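Across the two complexes that follow, chain A remains constant while its partner is chain B and subsequently chain C.
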Partner chain A sequence: MAVKFLAKDNLVPWLAELAETHRTIVPKREGEAVVFRPFAKEEAPELSARPTESPKSAIFPQCDTLMSFRYTKDEEDPGKVLLDLREMKDESPAVVVGCRSCDAAGFNTFDRVYMTDKITDQNYRARRENTLFVTIICEKPATTCFCNWVGGSPTDTSGADVRMTPLEDGWVLESITEKGEPLLSSTLLKDGDDRAGDAEKIRQQAKERMPEAPDLSEAPGKVLALFENNDFWEAESAKCISCGACTYLCPTCYCFNITDESSGMEGVRLRTWDNCMSHQFTMEASGHNPRPTKAHRLKNRVGHKFSYYPNIHDGNISCVGCGRCIKSCPVSVDIRSIVLHAIAAPAETEK
Partner chain B sequence: MLQNTQTAKDANPYLPSIGTIVEIIEETPNIKTFRVVLNSEGDMKNFTFHPGQVGQLSVFGTGESTFVINSPPTRMDYLQFSVMKAGEVTAMLHTLSVGDQIGVRAPLGNWFPYEELKGKDIVFIGGGIGMAPLRTLLLYMLDNRADYGKITLLYGARSPEDMAFKYELPDWLERDDMETTLTIDAEAPGWEHSVGLIPNVLQEMNPSSENCMAITCGPPIMIKFTLQALAKLGFKDDQILTTLEKRMKCGVGICGRCNIGTKYVCVDGPVFTYAQLKELPNEL
Partner chain C sequence: MSNLDTLKAKIKERLPDLDMVVGWEQGFDPLRATPLFMRTEEDVDRLIWNPLCVHNLATYLPGLKGRKVGVVVKGCDSRSIIELLQEKLINRDDIVVFSMPCEGVVSVRKIQNRIGSLDYVESVEADTGTVKVTVDGSSQSFGFPDVAASKCGRCQYHTALLSDEFVGEPNNEKAEDDYSDVTSFEARPQEERLAFWMTEMQRCIQCYACRNACPLCVCRDHCVAQSRDPHWMTQENSTQNKWFFQVIHAMHLAGRCTECGECERACPVGIPLLLLKRKLNKEIEELFDYKAGTLIDSTPPLQAFKVEEDNINERGW
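This part shows the complex of A and B:
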């Protein structure tokens, strides 16, 4: 494992070097929001504020072309029209610098679904295998943060290739994976062994600042046990306005839609982020909707993250505790309270 | 789909094979049957599936929808899909002609446990377009007739003109190795078969539940009352098979809309026993 030190003034030059060989994505301030954008020399990245959105689109773009299609005339038989399909994949190397550990860990949730022994989502895999993550630790939790409830921590490395720890005059960078090591080969980085102790102190303090986490081990069973209790879900979803901000900002929300867009004789098949909080998500052509109210839909979202997914995937909760769904919810629906209410619900109210 | 020839790691689960429509049958005023042959001779030759599995048909420019393959694996001259006009993709499919190219992603999902059903009596109960998935298994069983016990079919539609597979009904009625009852909701001129709702006709038929499996598909309201009728006739929950439909996109357990709790209808289904359905959260 390499430990390096990056002086403050060398951040932008180092990113510029990375950008020569990688699609380099960094958090940037845009108005009141901090969003992930391609690095540009003239715009300094925003590494101190917590990003408003997750870097989900680096690997799972909001709109991704799965394939292109073209109808062509059959030259031998002009009475026939043929169809030509082309797969579209982006395998260009990329690096995300400055996302938080929870954000990087979010992709582990995707991996268990998108790359299994039975099925591989090729568009996802192409970007996943070619994208590196340089995470930055969170020194101080926001009131909405709860990564330590769901197996994470402000310094967690489970999704990182390189981890940055901020010091007064720069950052200590450690490689976490072998793939991350080449990112630290730049001459702009100095040997960081003498600063490693300071960084460790900062990380220790960061972990200590996290409030104590409740035990969620009962959540999968308790949330499922409340399935038929419509009153519970009506109450929890009462203020939800079905806007979907929670799903778009969530680093682990991976549901999608597939649609075609065409112009004349050609077009593309697109995969776009979808939103399970929308009425249309499960609406069938017959008019039947298995999740007809927002209570049904919120139940599915919370159920998926805290019950169904862990039941299928070795107990892993499909939430990384970034708190964006709470912070950016216009009416402050708090997924933490819903899960705690479910755990606390007396057994007799379950049906 | 390329699944047949490539490993899971390399295959693109969203990339359809291209097929040609070789025949179109106008079944009813709103159901058309499409017979499709995959353009690649190898794809067609290597195509294997089990009765009950589904496929996604693509009309590029409009989209993709899920349909059961309703021709049996014992008759591989073409793959047959029956499409009821309901939404955008089905409406566009209905405009296609013989020779047109469509995308086919198949086979997807699980299937009827036709191996385990060997030696059993079978009662098929199909309502409307719900006859399509039953047809696959029925024809498969007729093609392997010695493997199965008594075969009974109850097929109902709203009116005579809403009855699909008309060209096969005379054969099914005449055969002495199966018993066929057809029913419509209300009397119609020239109709010589039963009249009445499926659950009521089923009760009158009074099939024995002993060593028997009931296999049913149809609109939700028909299923609801058919399940009650089957219970009265002594069928246990694990003696009833049905096949579900949900809005699907990916068809491979990723996109997240067809789940009922932990189960994804596209990969864990569409075929479930009633006993399995009862264990799932109530979100049909």
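This part shows the complex of A and C:
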């Protein structure tokens, strides 16, 4: 493992070096939001504020063109139509610098679904295998943070290739994976062994600052036990306005929709983020929707993350506790309290 | 008894005849209020009324049509109820409106701009004189007008225009609204205006919080933005396409929008959407002398037809 020190003034030059060989994606201030954008020398990245959105689109773009198609008439045989189909796959090397530990860990949720022994999503894998993550630790939890409830920590490395710990005059960078090591080969980075102790102190402090986490081991069972309890979900979802802010900002929501956009003889097949708060989510071709109300849909969001997913993925909760769904919800729906209410709900008696 | 206690008593009195009453309670941190759906007397005890009660709760009413619902409103929110009634989207007999005189609400965004981050708010003391926010053990105080929602600075409706249970002394002060924000934007060259919106819309995540927070955006499940059949709009997420939706949204609200500002407040990435809505309202006011949701017995201009409009010179050339 390499330990290096990056001085404050060398951040932009170092990113510029990375950008020569990688699509380099960093958090940036845009208006009142902090969003992930390609690095540009003239704009300094925003590494102190928590990004408004997650870096999800680096690997799983909000709108991804999976293929393009074009029909042409066969000149020899006018009764025949030829189809020219082009698959699109992005295998360009990329690096995300400055996302939080929880954000990078979010992709582990995706991996268990999109890269399995049986099925692999080729477009997802192409980007996943070619994208590196340089995470930055969180020194102090926000009021909406709960990574330690769901198996994470402010210094977690489970999604990181390199971890950054902020010091007064720069950052200590440690490689976490082998793939991350080459990122630390720049001459702009100094040997960091003498600063490693300071960094460790800061990480220790960060962990100690986390409020105590409740035990969620009962959550998968308790949430599932409420599956038929419409009153519970109606009460919990009453204030939800069914927008997609929570899912679209979420680093672990991975549902998508497929749309063929064609015009005349040609078109593209798009994969776009879907969102279980939406009326169209799981709308069947017949017009029937097994999730007809917002109570059903919020039940799906909470159930998926805290019950259905851990039940089939070795107990891993598909939430990293970043708190964006709480912080950015227009009506302050708090997923933490829904889960706690579910755990506290009295067990239903057999009917 | 304080006004709030009287209000709680009135709600408790009416609650047995209602399925629920919608108000506010304290949310996940000291700065954030959150809508409260009151079904029991214990729920009513959690009710708050203060400058943090930013949400327009009329938004919930069309979705609760057919149920007996009480709703607590600020003056501006009552305009949405009037508009919803005029459009027959809710039934007057099914709703009970509770209100108190409103002296304004904060803009959480303006507070964020001043303190940098809302991640560590420890306590908030907000009244209509000052707003004191404590972050990391240190406090900052702001004059209320500096951190109040922009709509409050031009408020003409501190007192609800429609209410069944009103607690407190009505406040009939009216500020001036000269749409100067719109006129100064209009004065900029067209390329600059387009560039402004393209920059803003670039970060739109198409979550449609603007649409769903809007009390008058009632197509909801049948919105053009997401309809698959007919397939009105592409699912591409180009900036131009995001902008296209906002223009449709604004046009659809022309003469209906009560400027509650929920679209802008709900936007997770802070796009100043109310400016667009106010542009259209300014046009409506000039053309039809009409402000949506202010006159309960009138018909919104775009729902009526006049052979000769007073302010439109159609045949006088």
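Simple rule for what comes next: the second predicted complex is superposed on the first by the 345 of 351 C-alpha atoms of A that agree within 3 Å, B and C clash if a C-alpha of one lies under 4 Å from a C-alpha of the other, contacts with A are read in each partner's own complex, and residues count from 1 in each chain.
As a convention for this text, contacts are C-beta pairs under 8 Å (C-beta built on N, C-alpha and C of every residue); 3 or more make two chains touch, one makes a residue touch a chain.
As the structure is a prediction and not an experimental result, all values here were calculated from the model.
Asks: Should chain B and chain C be called a clash or a fit once both complexes are overlaid on chain A?
Replies: Overlaying the two structures gives chain B and chain C room side by side.
Asks: In the overlay, answer first, second, both or neither for which of chain B and chain C A:T143 touches.
Replies: A:T143 sits against chain C, while chain B stays out of touch.
Asks: For A:H341, using the defined touch cut-off, is the partner it touches chain B, chain C, both, or neither? Pick first, second, both or neither.
Replies: neither
Asks: Looking at A:T282, would you say it contacts chain B, chain C, both, or neither? Reply first, second, both or neither.
Replies: first
Asks: Which angle, as a multiple of 10 degrees, do chain B and chain C span at the CA centre of chain A?
Replies: In the superposed arrangement it comes to 90 degrees.
Asks: Counting only touches as set out at the top, which of chain B and chain C does A:A33 meet: first, second, both, neither?
Replies: Only chain C is touched by A:A33; chain B is not.
Asks: Is A:R128 contacted by the first partner chain B, the second partner chain C, both or neither?
Replies: The answer is neither, since A:R128 touches no partner chain.
Asks: Classify the contacts of A:N257 with the two partner chains as first (chain B alone), second (chain C alone), both, or neither.
Replies: both
Asks: Working from the superposed arrangement, determine the closest approach of chain B to chain C, counting only CA atoms, in whole Å.
Replies: 6
Asks: Find the residues of chain A that appear in the contact set with chain B and again in the contact set with chain C.
Replies: Touching chain B and chain C on chain A: residues 257, 259, 283.
Asks: Quick one: in the complex, what on chain B touches chain A?
Replies: Those residues of chain B that touch chain A are 8-16, 18, 60-64, 86-87, 90, 99-103, 220, 245-247, 249-250, 252-262, 281-284.
Asks: Under the touch definition given earlier, write down the residues of chain A that touch chain B in their complex.
Replies: Listed in rising order, the residues of chain A that touch chain B are 66-67, 69, 71, 79-83, 85, 87, 113-114, 116-123, 224, 227-228, 254-260, 262, 267, 269, 271, 274, 276, 281-286, 288, 290-291, 296, 300, 303-304, 307-308, 311-312.
Asks: Quick one: in the complex, what on chain A touches chain C?
Replies: 30-33, 35, 49-50, 52-53, 62-63, 140, 142-145, 235, 238-239, 241-245, 247-249, 257, 259, 261, 270, 272, 275, 278-280, 283, 326-328, 330-334, 336-337
Asks: In the complex formed with chain A, which residues of chain C make contact?
Replies: 20, 27-29, 32-37, 55, 59-60, 109, 112-113, 116-121, 199-200, 202-203, 205-209, 211-213, 220-221, 226, 228, 231, 234-237, 262, 265-266, 268-271
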